[in-house]
Amino acid sequence: MFPVKELKRSALISLWFAFLTFPIMVIKVDPIERIVHWRWDNMFFIAFGSFVLSILAKVFMIQKERRASRKKRKIAAEPLIQRIAREPRFLYPLVVACFAFGVSFPFLFSTYQTNIMTTALMYVVLGLGLNIVVGVAGLLDLGYVAFYAVGAYSYALLNLNFDMGFWAVLPIGGLLAAFLGVILGFPVLRLRGDYLAIVTLGFGEIIRLVLENWNAFSQGPSGIANIPRPGFFGMEMTFAGGITYIYYIVLVLVVITIFVVNRLQNSRLGRAWLALREDEIACQAMGIDKTKTKLIAFSLGAFWAGFVGVLFAAKTTFVNPASFTFLESAIILSIVVLGGMGSIIGVIVGALILILLPEYLRALSEYRMLAFGAILVIMMVFKPEGIISNVRRSYKFKGTNTPEGEIHE
Amino acid sequence: MQSGLKKKLLVAALSLGFAMAVPVAGMASDTIKLGVAGAQSGDLASYGLPTVKAAELVVAMYNAKGGINGKKVELLIEDDVCKPEVATNTATKLVTDGVHVVLGHICSGATKAALPIYKEAGVVVMSPSATNPGLTQSGDYPNFFRTIASDDAQAQTEVDFAINVIGSKKIAVVHDKGDYGKGLAEFAKKFIEESGKAEVVLFEGVTPGAVDYTAIVQKIKRKGADTVIFGGYHPEASKIVSMIKKKRLKVTFISDDGVKDDTFIKVAGKNAEGVYASGPNDNSANPLSTEAIDAHKKAYKEDPGAFYENAYSAALALLNAIEKAGSTDMDAIVKALQTEKVDTPVGKIHFDARGDAVGVGFAMYVVKDGKYVEVK
Amino acid sequence: MSDSPTILEVEGLSKYFGGIKAIDNVDLDIRQGEIVALIGPNGAGKTTFFNCLTGIYKPTAGDIKLSDPRNGKSTRLNGKKPNKITEIGMARTFQNIRLFPTMSVLENVMIGRHCRTKSLIFGAITRNKATRIEEAQIIERSYEILKKVGLHRQVNEQARNLSYGAQRRLEIGRALATEPFLLLLDEPAAGMNPKETEALVALIREICAEGHSILLIEHDMKLVMTLSDRIFVMDYGKKIAQGTPVEVRENPAVIKAYLGEDVDA
Amino acid sequence: MDYFIELLFGGLTRGSIYALIALGYTMVYGIIGLINFAHGEIYMIGAFTSFIVATVLSIYGFPLLAIVVIAAVAAAVWSSAYGFTVEKLAYRPLRKAPRLAPLISAIGMSIFLQNYVLLAQTSDFLPFPELIPEFAFMEPVAHIVGSSDMVILVTTAVVMVALTCLIKFTKIGKAMRATAQDKTMAVLVGVNVDRVISATFIIGSALAAIGGLLIASHIGQINFYIGFLAGIKAFTAAVLGGIGSIPGAVLGSLVLGLTESFATGYISSDYEDVFAFSLLVLILIFKPSGLLGKAETKKV
C-alpha cells in the first residue's frame, strides 16, 4: 500500500502550497473601502487539493516507472502509432478513414463544430509550416505570426484597394510572406539558436506594431471589415454554406501541405536541413551552403503562414492587429513541440489538441485558460519529446544488386 | 485507383455541401437564450467580465420575477478574448446553441467579425462597449445596437468642451493605440482641426502596460500643450495623470467614457482631481443606477468594473424588447427596441434606426472630491 | 612526383587569437598525387591550420591558393566560406568526429553528395524524372563509397552506433562523397587498434592511387613514416622543418621539439 | 537641455526596472539555458504580493516605513517561493528533455499564473499604495527627476552591488559561476547543481519582486497582466546585453530604457517598441552575442 513516508511528503507539499498561495488566494483587499476579506476556506481547499494531487501524481509516477521497467524487459515496445505508421496495410486504410471522416465532417456535425474544425485545420497547416523551420531545420522562430499577418493583410488590403479576389491573392499572400522571410532571414539567420528566437520575436512585434500604428496603410487598430469570403463561381452562399466551403478549401490545403512537406522532408533539401540541425560545421564542411539552406527553410515556412493568413482573412471576414500577438506564435510553436518535433502526424495531433482544447474547455468558462496553461505544463512534463516522437523516415538501402532507395520508417 | 476514388468522393461531398448548406437553426425552446460574448480571459478580461456580471444580475432579477412571458431566461456565456477569429467561433457557437439575443461583444474588432454571423442567423446584438462609428453608421449591420456613444459623438463632445468651455488653444491628443482609444483620438484630432480655434500640437500613442510614461508627459510639456485629450481606458489615463502631477505639469486632462469609471478615481487617487471625462448623462440620481451598483456590491462584494452600467442597461433593453415584442423574432425585437422606451441605469432609452441609443445623452464630468460630477 | 602540378600553396599563413599566435607565418605546398603529413606536438597549431585552410577560421595573414588539377583552375581561398571550399574540391575529416549521429550511415554519405547534386524545392515536391534519377545516383554512388571504406554491411545503421574506427572511416567516406581532389584528414588513426590502423593505411593508399592528394595530421609516427611522401613539422605555431620522412627524422629541430617523445616509434 | 536630462532620467528609471527583471532571465539562462517565460509572471506576483501586504498593513495603521520594509520582504519571500516551486514543478522534470520542451512548459506556466491571479484576485486594475513619498528635498528638481525615479535608481544600484558581491564572494555565488561554466565539472568538484539552480531561481525571483514593488509604486497601479510586457522587454534587454552575462543584463537594460525614452521624446512613442526591437535586431546583426556576451568559440 501507500507508504507512510509518502503521506508525510504529501502533507508537507500541501503545507507548502498553503503557504505559497496564502497572499493571493486568502487575502483580498478592497483598497478604497479599506476592507480586508480573509478567505480562509480557500486555504483549506488548496491544502486539501494539493495533498490529493501530490498523492495522485506519486501513484502515477510509480506506475510509469513500473511500466518503463517492464518495457525494458520487452525491449523497445514501439508506440502503437509508430507501428501503424510503418505498416502500409494499416496506414493506408487509416489514412482513407481519416480522410473520409474529414470529408463527411460538415454533414455529421453542426456549423459550429465545422467552424472550429476549420480553425484547427488552419493551425495544422501553420504547424506544418513552422515545423519545417523549427522541427526539421532546427531554427527557433518565435515570430512566425508575422508571416501569418502578412498573408491576412495582403488579402484584406489587395481586396480593399484593388478589389482582388481570394483565389488571386492566395498565391500572392504566400509569396509576399516568403519574400519577407528572405528579407528578414538574410541578416539574422546566422544568429545562434536563442538569439534567433528573440530577434524573430521582435520582428513579429514590429510587424504587428506597424500594422497598429500606420493607419494610412492598414487602417490601424480598428482593422479592415467586410472582407469577402472566397467565391464559388459567383454563387451567393449562406453563412453555413460559406463555412462548409472554407472548410473544404482548408481540408484540401491540409492534404496538399502534408504531401508537400512529406516530399520535402524526404529530399536532398530535407536531408540537408536535418544535417544542419545536427551539426552546422560538419554540414558546411560537406559543402552545404548554411545560409542558403536555412533561408529556404525559413521562407518556405513563411510561405505557408502567408497562405493560411489569406484564408484566415477570408474566413473571419475581418482583420485587425489584435489577432497577431506573440501569444499566437507561442501557440503555433507549442503545436509543433507538443506534437513532436519533425513529425507530421505529431503536428496534426498537436494542432487538433491545442486548438480544439480551448474550445471544448469552454465548459469550464472562466477556468478555461487556467486549465489550458496547466495542461501545457503537464503534457510537457510527462511527454517532453512530444506526443509522437521522432518518427523520422530514413533512407534504407535494400539489396546490393538493385541499388535503389526505398523509403521506410 | 485509390486517388481516383478520393477525387470522386471529394467532388460528391463538395456538391452535396453546397446543396444542403446545413441550416442549423435553434429549435423553438422553452427558455429565452441570452448570449454574453466578450473578453473573459487575457489582457482585456477586465473590460469583458463586468458585462458577464451585469448579465447574470439582470437575468437573475428577471427569473426571480418569473421570466419573460412565462419563459425563464438562460445565459450562454462565451469568451472571445477580444480577438476577431475567436469571436467568429464564439458567434457560431452561440448561433448553433440557438441563442435569441446577444449582449456583446466587447471590442469593436471582435464585434465586427462576429456581426455577419448573427445577421445571417437573425440574432439581435447589443454591445455595451463597442464604439467604432462604422458599426452603426455603415448600415451593414441592421441587427446591431449599442448603449454606448460612438467614437465620433464622444470626440465631438470632448472637443466642443475643450474649445468652448475650457478655451484650449494647444491640444495634445494622446491615445492608447487601441481600437477604441485611437479611433476616438483620430476623430478628436479631426474635429479640432476643423474647428480652426485650436491646434493639435501632439498626436501620439502610448503603449498600454509600459512601465513608465515619463517620456510622453515630458513631450506634452515641451510642446507647450494646455490641454490633453486622451483616448483610451482608465489604466493608462491614471498613469499619465499621475505622471503629469509628478512632473508638476499644469494641463487640463480630458478623456472619454473609458475613463469615466470609478476605478479611475480609485486608482489615480488624488491625482484624479480636476480630470474631465465625457460620459452618459448623470445618473447618480437615477434609482436604477444605484440599484444596479448595489446589486453588484451585494453579489460580488466589490464595486463593478468597466462598462458595467452600459451592460446592465443593454441587458435590460434586450430583455424588455423581447417581452414587449412577445417574440424572439429579429424584426419584432428590432422594432421593439426602436419604439419601446425602457428605463435603464443610463436613462430612459430607445434606439434609432442605425442602432445608437437615444436618450442616453452625453455630458462632461469632472472629478471633484473623489467623485465624478457633471459639469453644468 | 616533383613534376606534378602544385595543387595547394600556402604562403605566410598566420592566425592570431588575441595575442596568441596559433599559427605564425607558415608555408606549405602539396603537389598532385602526394600524401603529405603535418606533424607536431600537441598544441602546435595543426588543427588551427586545417581550420584556416577549410574556411572555418579566417586567417590573420597569408595566402592560400588551391588549384584544381582536373582543369587547372586556381582559386585564392582566403575569406571563402567552408562550403565554397568544399565545392572547389578540398574536403576534410574532423579530429573529434563530427558525424550526423542520428542519421544512418548511408544518409551521412548522401549528405556528402549534396554539393555535387542540385535538385531543390521544385524537384523535391514534384519528384520529377531528373530528381528521381539524381536520387538513385546519390544512393548508388554513396553505396559504392561505403563499400570502399568497408561499411557497406552497416549501411542502415545509425551513425552513432558505429565503433570508433568505423566512425572515422565513415567520416572519410563522407568527405570522399564530395569528390575532392585534396583530402584533409585530421588524426584519422586516433583511437584505432593496430588492425584497424593497418586497414586505414591500405585505404589511404587506395584513395591516393585513385588520384586524390592527401594532407593528414597524425600522431601515429609509424603511419606517418610509412605513408607520407613529405612531412611538415610544426611547433608553437611555426613550421620548424619539412622534407621526406628520412630528412625529417634526422632533423635536430624536430628531435628537439619532440624531446622526451619517442620520435621513431 | 532640461528636456534631455528629463529623458535621460526617464530612460534610466525604465532601464533600472528592466534590469531588475532581466537579471532573473539572464541568471536562469546562464545556468540552465532556459528562456524562462514565466519570469514576467513572477514579477507580477511580486507586485501583487506587495500590493496585498502593503494595503493590509496600511488598513491596520502601520507606519509607512514598516509597511515598505514588510511589503518588500513579503514580496521577495513569496516571489522566491513561486520561482522555486515553478522550477521544481515545470522545469526540473525536463532537465534532460529536448531543448524546446522546457520553453513550452514555461509558456504554459506563464498562462497558468496569469489566470491564477486573475481568478484569485481580480481582472481589474488596482491602485497601488504610494510607498515612495515625495521627498521635500527633491522638490526643486521634482519637475525633472521625481522622488520615485531617484529611489528606483538608488535601489537598483544597491541591489546590483549586493548581487555582484553575492556572486563574487559567497560560496553559493561561486557554485553558481562554476555551474554556469560547466555543469559536469561543477558536479565533479562537488557542487550540488540542483541546489544551485534552486538558488538561482530564488535570487532571480526576489530581484523581480523588488522590481515589481518599485514599478508598481512608481506608476501607482497593477493588474494581473503587467508581467507580460515587462517580461518581454526585460528579456529583450537581457539578450541585448548578452544573455547569460550579469553586467550585460544591466547594460542591455539601460541601453534599452534610454533608447525607448529618447525615441519617444525626440521621435514618437507610436513606434516606441519598434525602436526597441529594431535596436535589438541591429545590435545582434553586428554583435551576434549581444553587447557583453561571450563570443561563441567554435571548437572544431
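The chains carry the letters A, B, C and D, assigned in the order they are written, with residues numbered from 1 in each.
One rule holds for everything that comes next: contacts are C-beta pairs under 8 Å (C-beta built on N, C-alpha and C of every residue); 3 or more make two chains touch, one makes a residue touch a chain.
Since the model is a prediction, treat every value here as computed from it, not as a measurement.
**Q** When A-D is set beside B-D, which has more C-beta pairs in contact?
**A** When the contacts at A-D and B-D are counted, A-D has more.
**Q** Taking each chain's centre as the mean of its C-alpha atoms, which one lies nearest the mean of all protein C-alpha atoms here?
**A** The chain sitting closest to the overall C-alpha centre is A.
**Q** What whole-number Å value describes the gap between the mean CA coordinates of subunit A and subunit D?
**A** So the centroids are 29 Å from each other.
**Q** Mind checking the centre-to-centre distance between subunit B and subunit D? Centres are C-alpha means, answer in whole Å.
**A** Roughly 35 Å separates the two chain centres.
**Q** I'd like to verify one number: the distance from the centre of subunit A to the centre of subunit C, where each centre is the average of its C-alpha atoms, in whole angstrom.
**A** About 43 Å separates the centre of subunit A from that of subunit C.
**Q** Hey, how far is the Cα centre of subunit B from the one of subunit C, in Å?
**A** That gives a centre separation of 71 Å.
**Q** When you check subunit D against every other chain, which residues touch at least two of them?
**A** In subunit D, 115, 122, 126-127, 270, 273, 298, 300 touch at least two other chains.
**Q** At least two partner chains per residue is the criterion; list those residues in subunit C.
**A** Counting only residues that touch two or more other chains, subunit C contributes 56, 94, 98.
**Q** Can you list the residues of subunit A that touch 2 or more other chains?
**A** Residues 31-32, 213, 281, 366, 369 of subunit A each touch two or more of the other chains.
**Q** Under the touch definition given earlier, write down the residues of subunit D that touch subunit A in their complex.
**A** Against subunit A, subunit D makes touches at 29, 33, 35, 37, 45, 48-49, 51-53, 55-56, 59, 74, 78, 81-82, 85, 89-90, 93-94, 97-105, 107-117, 119-122, 126-127, 129, 232, 235-236, 239, 243, 270-271, 273-274, 276-278, 280-281, 284-285, 288-290, 296, 298, 300.
**Q** Which positions of subunit A touch subunit D when the two form their complex?
**A** Touch residues, subunit A against subunit D: 16, 19-25, 27-29, 31-32, 34-36, 42, 134, 140, 187-188, 190-195, 197-199, 201-203, 205-206, 209-210, 213, 281, 326, 330, 333-334, 337-338, 341, 366-367, 369-370, 372-377, 380-381, 384-385.
**Q** Per the contact definition, I'd like the list of subunit C residues that touch subunit A in the complex.
**A** 54-56, 81-83, 86-87, 91-92, 94, 98-104, 106-107, 110-112, 114-117, 119-121, 123-125, 127, 131, 134-136, 138-140, 143, 152, 155-156, 174-175, 177-178
**Q** Which of the residues in subunit A end up touching subunit B in this complex?
**A** Where subunit A meets subunit B, its residues are 30-32, 37, 92, 96, 99-100, 103-104, 106-107, 110-116, 119, 212-213, 215, 220-223, 225-226, 232, 235, 237-241, 243-245, 248, 252, 312, 315-320, 322-323, 359, 362, 365-366, 368-369.
**Q** For subunit B, which residues count as touching subunit D in their complex?
**A** 41-43, 45-46, 49, 177, 204-207, 209-216, 218-219, 222, 234-235, 238-239, 242-243, 246-249, 263, 266-269, 271, 302, 305-306
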